[in-house]
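Two complexes are shown next, each including chain A; its partner changes from chain B in the first to chain C in the second.
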Partner chain A sequence: MYAVKTDKLCKRRGEFLLDGISLELPKGYILGLVGENGAGKSTFISLLLGMLRPDAGSISILGSSDNSVALKNDIGVVLSEPFMPQCMNASMIDKMYTGIYKNWQSDTFFRYIKQFNVPDNKVFSALSRGNKMKLAIASALSHDAKLLILDEATSGLDPIVRDDILDVLYDFTSDDEHSILISSHITGDLERLCDYIAFIHKGRIILSGEKDEICESYVKLSCSNAELKSLDKDALIGVRRGEYSDEVIAKRNALCGLTGAPVSLEELFLYMVKYGEEEK
Partner chain B sequence: MKGLLLKEWYLLTRNFKSMFIVIFIFAAFGFFYDMAVITIVPVLIASVPVSTTALDERSGWSCYADALPVTRKNIVDSKYISGLVCIFCTALLFACVNAVRNGISASLELFIFQISGAAIYLSLMMPVVLHFGTEKARYINMAVIAAFAMLVTALMLAISDTSGDIPFRFTAPALLAALIMLILSEFISVLIYMRKEF
Partner chain C sequence: MVIKINNRSGEPIYQQLYNAIRDAVISGEIKENEPLPSIRAIAKDLRISVITSKRAYDDLERDGYIYTIAGKGSFAAVRDAGLIREENLKKIEAHIKEAIRLADETGIEYFVLHEIMRILEEN
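Presenting the complex of A and B:
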């Protein structure tokens, strides 16, 4: 059973085209979306939440494709900009959500507000971006959601709070029924948190799969021009040209006797998108 | 829906305090003097949902609300309900003030006439605002208010009897017209909002 399943999802917005996104997030797992600004992460998330209508393809969330009120009760959402009426404080937000979410839990909400050190007497407009984000995350975690959809939820937070929030998110998926789809620029967070990763670039998925499998499948190595030529071209992900040697990320199974170092998600994405394209 | 109405209430009480003060000043003036401008005040109050929609757009709430377990019809209806409550309360206040000066019968007619006029304005503006967005609809809003002020004044002059009161036979058609326009307007607004993308 999938928490999120999309099939050949397409959406054109002006010049931009989200092109045939097929992704699967099994229940109980965390999927991280990695992509540069304007890659299509937010458009994809807007399609999932019904804010945009797809031009083609299908979406299934928690086994349902109808975007109903009942389904949205099971989804916790944090968008890239924390959107909330500017004049409301935490107590007002709590009362408002009590009338919106079927399973709203005020005690959980205020527990998170306290844990994240969000001032509960200040109105939303007076909070810092980090505190606004924390308040939005607390809201998403306080109505017994089965799926969290987080768009750049950890951006704007200091490392300590980010660490706290990652712990909370990790705990959230200790229940097999709970899943998270998270997009972020901070690949370190995704590397720590996610079970599955998808790279999105110019509206297309360029790589997706289990995080550990992806990280094990690629290596980074420094090699001379001659060594570079000996590598299978199809196995090269990207080459960063240097004066004396080149830095390469390649598929592990195509090393031809060369040895490589483990690769991080950030390096892999950078080499795929930047140095891979330069090479082409 | 309850949560959305509560949100509207918070927006109203936090952002439009000065407007409420102005209403009470007008009401106080109305107690001492006969002021024709008072007739149009509930129409001005009917623009409150237009203003709260602008606040929603500016804060990004319009987009975020789509991710919450509420239907788009709920979102549109919360605007109409909050607008009608504002209109009703303001018209009631002025009716009470008028009752002290001119008696209950004349006040009831004015009350119904004010409610009808303001509801017609709300019915005209909400689909425009939801279709064009509050920025683009601003000029249309100003034009509608100006046209409305002239129309209501002309109508009042035309139908008022020698004592200046609105004959009762005009209030029922006005109320009926307002009701029909409200139902049509809500239907059109929901259709417009359902087609929106955020």
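Presenting the complex of A and C:
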């Protein structure tokens, strides 16, 4: 069963076109959506949540495609700009959600608030960005959700808070009924956590699959012009040309005797997007 | 059991995890039929993805170092002397191949290799 499955999802918003997104997140796993600002990550997530209607294509979440209230009870959402009434403090937010979510658990909520050290007497607008995010994550985790959707939830946060959040995400997926879809332009956070990765660029998926397989399939190497010419053009992902040597990311199985170093998601994404297109 | 994961070594993480658990099973550090941590617990503790740890466990099971009971988890397999012998033979073969490669590189004749072997044995 899939926690999230989309098929050829399309949406036009002015100049921008989200073009045929087909993605699958099997239940119990974590999918990281990587893309630069404006690549279409948030549009995609808005479509998943029913905040936008697709022009074409289909969406299935937790095996259902009816976009119902019952389904929303099973989804925990954290958006990059957490939306909460500005004048409410933690206990007022708790009361509010008691009336919204069928399975709201106040004790879980306050346990997270305490664990995250979020001041519970301050109103939402007076909290720091980190604390706003933590409060939003605490809310998303306190109504027995089976799917967590996080849009840029760790961007703009300091490394210590990001690390706290990663811990909580690992806790969440210790239950194999739980799945996470997380979008970010900071790939470092996703590097270890995610089971699946999808790169999104200009509204299209340019690469997706199991993270381990992806990382193993490519290598980075520094080579001379002659060596670069000896490589199969189709095996090149991106080339950063330099005066003295060229930095190349290529498919591992097409190296013709050259050796390369393991590649990080960030490098792979950068080379695909920035140094890939000018070659072709 | 100590499991060290090095992100920067070229070796894939699932392979590092595989090696650590295999060594612990072979050395007897994990006793026969002793339960192993769950795939999800170990992923969380090492901060690796669930698929990565699952792949290591799948390979360990395929190679006979652990066995899995549905709903109960994974356990260290009964240590099979034949299996360990087989494993060591594979390693020895790899080392000898490397020795031959080095010999070929500089034209060292094979009788010299036999000679080295004989001297080492005597010691």
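Operating definition for what follows: the second predicted complex is superposed on the first by the 280 of 280 C-alpha atoms of A that agree within 3 Å, B and C clash if a C-alpha of one lies under 4 Å from a C-alpha of the other, contacts with A are read in each partner's own complex, and residues count from 1 in each chain.
Heads up, the rule we're going with is that contacts are C-beta pairs under 8 Å (C-beta built on N, C-alpha and C of every residue); 3 or more make two chains touch, one makes a residue touch a chain.
Just so we're clear, the structure is a prediction, and the values are computed from it rather than from any experiment.
Put simply, more of the residues of chain A are touched by B, taking chain B and chain C as the two choices. In the superposition on chain A, A:85 contacts chain B only, with no contact to chain C.
In the overlay built on the shared chain, the residue A:223 is in contact with neither chain B nor chain C.
Touch criterion met: A:49 reaches chain B, while chain C stays clear of it. In the superposed pair of complexes, A:29 makes contact with chain C only, with no contact to chain B. Of the two partner chains, chain C is the only one touched by A:192; chain B is not. Applying the stated contact rule after C-alpha superposition, one finds that A:62 touches neither chain B nor chain C. On the chain A side of its complex with chain B, the touching residues are 46, 49-53, 69-70, 72-73, 75, 77, 79, 81, 83-88, 92, 95-102, 123-124, 149. Chain contact summary for the complex, chain A toward chain C: residues 28-30, 166, 170-171, 173-174, 176, 192-196, 210-212, 215-216, 261-262.
Listing the residues of chain C that touch chain A in their complex gives 7-8, 10, 12-14, 40-41, 43-44, 47-52, 55. The touching residues of chain B, counted against chain A in their complex, run 1-7, 10-11, 14-15, 55-56, 58-61, 63-64, 66-71, 197-198.
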